[in-house]
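Below you'll find the structures, each written out as structure tokens.
In the two assemblies presented below, chain A is common to both, partnered first by chain B and then by chain C.
== the complex of A and B ==
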């Protein structure tokens, strides 16, 4: 089956992001396809590489980056939600006159159309968070 | 080349957006509305549900000057212009808050939870904010 995921909460404060990661791994292991993970609301906070948890804790951002690299998964951060919360890539930083970017490896910033597209193309869209 | 959903007879799915939160206090109502507006561009079968505190999103006479936030409630009136006309409101949630259909700023269909559940069952994609 072809899945799309919507993650609406940030890392650490809620377990939703961990659960979404575990769901992705389990689905892939069973031979399913993850077409896209879309990060919205505070979920965009999963995509900043400045995240630095204590060494004895899991690094959720790195875990997403590794998952994307291993399985070629499209991790998309909503541009409007990201701008409100200070998540920028190089292009957005330049456009908005910021002195640097903070997007993590394997993530890209794009529009909400990517979420609707996932809804159209996937067999199921699952929400994690909220 | 046109993407599949851009062709004349591309797939049309039933999208339902469920709004459960008060308009202010959290960003969910506003960011839900942003998804709804984008979905209109994809020519899908879109419907909105307002339940729990979400019914307050549609209340007439919202003024936000005192809290320093933008009053985005006029946008609900613009939905018709985007061909988004299926707005369903949970009757129990209205009743619990002392509201009736007359208190709302757009035309809606008021229905009970059982009816809403049936509608939800028919959807391809349900997103809840």
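== the complex of A and C ==
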């Protein structure tokens, strides 16, 4: 089965990111496909590579990047939510006159259309929020 | 059409589970995850209400979230099924759709 996920809370703030990650792992283990994870509202904070938790804590951002790389998952950050929270890729940084970008590996910035598309193309879309 | 409802807030704290139980269609499946797992425990202020709702819904609770909170699986209300993340995935595929009560 093909899954899409919507994550609406940031890492370390609420369990939702962890639950979503664990759900992805379990689904992939069973041979299902994760087409896309869409990060919306505070969920965009899952995609900044400047996240530096203590060494004995899990690194949720890296976990997403690694999972995406291994299983070819499209990690999409909502552009409007990202701009409000200072999450930018190279293009957005340039366009908004910022001195650098901070998007994590495997994530890309796009719009709500990507969530709609996941709703159309996936068998199920699951929401993980706070 | 059967729907899976996931609830992630403690019913001792918030009313998500209450809303879900009062509105969901008879025959729905309800999976308690994250802070909602406390709702699966017996002898709480909401236990009797959930036992009553078991006539209309089948209840499941995410085992890893019980363990993360130090809750005893042996004290879960009888008839509530403890599942892992693999069981969570199966519940999603077995039902026609998923509603998250966040």
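Throughout what follows, the second predicted complex is superposed on the first by the 130 of 130 C-alpha atoms of A that agree within 3 Å, B and C clash if a C-alpha of one lies under 4 Å from a C-alpha of the other, contacts with A are read in each partner's own complex, and residues count from 1 in each chain.
Definition applied: a contact is a pair of C-beta atoms (placed from the backbone, for glycine too) under 8 Å apart; a residue touches a chain by one contact, two chains touch by 3 or more.
Predicted model, so just to flag it, every value in this text is computed and none were measured.
Trainee: Label the relationship between chain B and chain C on chain A in the superposed model as either fit or clash.
Mentor: Because the two structures are overlaid on the shared chain, the partners are seen to fit without clashing.
Trainee: May I ask you to decide whether A:1 touches chain B, chain C, both, or neither, giving the answer as first, second, both or neither?
Mentor: second
Trainee: Of the two partner chains, chain B (first) and chain C (second), which one does A:26 touch, if any: first, second, both, or neither?
Mentor: A:26 contacts chain C only, not chain B.
Trainee: Can A:130 be said to touch chain B (first), chain C (second), both, or neither?
Mentor: A:130 sits against chain B and chain C alike.
Trainee: Tell me which partner A:12 touches in the superposition: chain B (first), chain C (second), both or neither.
Mentor: neither
Trainee: What's the minimum Cα gap, in whole angstrom, linking chain B and chain C in the superposed view?
Mentor: When the complexes share the chain A frame, the smallest chain B-chain C C-alpha distance is 5 Å.
Trainee: Does any part of chain A touch chain B in one structure and chain C in the other, and if so which residues?
Mentor: Chain A residues touching both partners: 8, 125, 127, 130.
Trainee: Can you name the residues of chain B that touch chain A in the complex?
Mentor: 4-5, 11, 13, 15, 27-28, 31, 34-35, 38-39, 41-42, 44, 124-125, 127-129
Trainee: Under the stated contact criterion, what part of chain A meets chain B in this complex?
Mentor: For chain A paired with chain B, touching residues are 6, 8, 40-41, 80-81, 84, 111-113, 115-117, 119-120, 125, 127, 130.
Trainee: For a test of understanding, state which residues of chain A touch chain C in their complex under the given definition.
Mentor: It is residues 1, 3, 8, 15-16, 19, 22-23, 25-27, 29-30, 32, 124-130 of chain A that touch chain C.
Trainee: Would you mind writing out the residues of chain C in touch with chain A in their complex?
Mentor: Its residues touching chain A are 6, 8, 33-35, 64-65, 84-86, 88-90, 92-93, 97-98, 100, 102.
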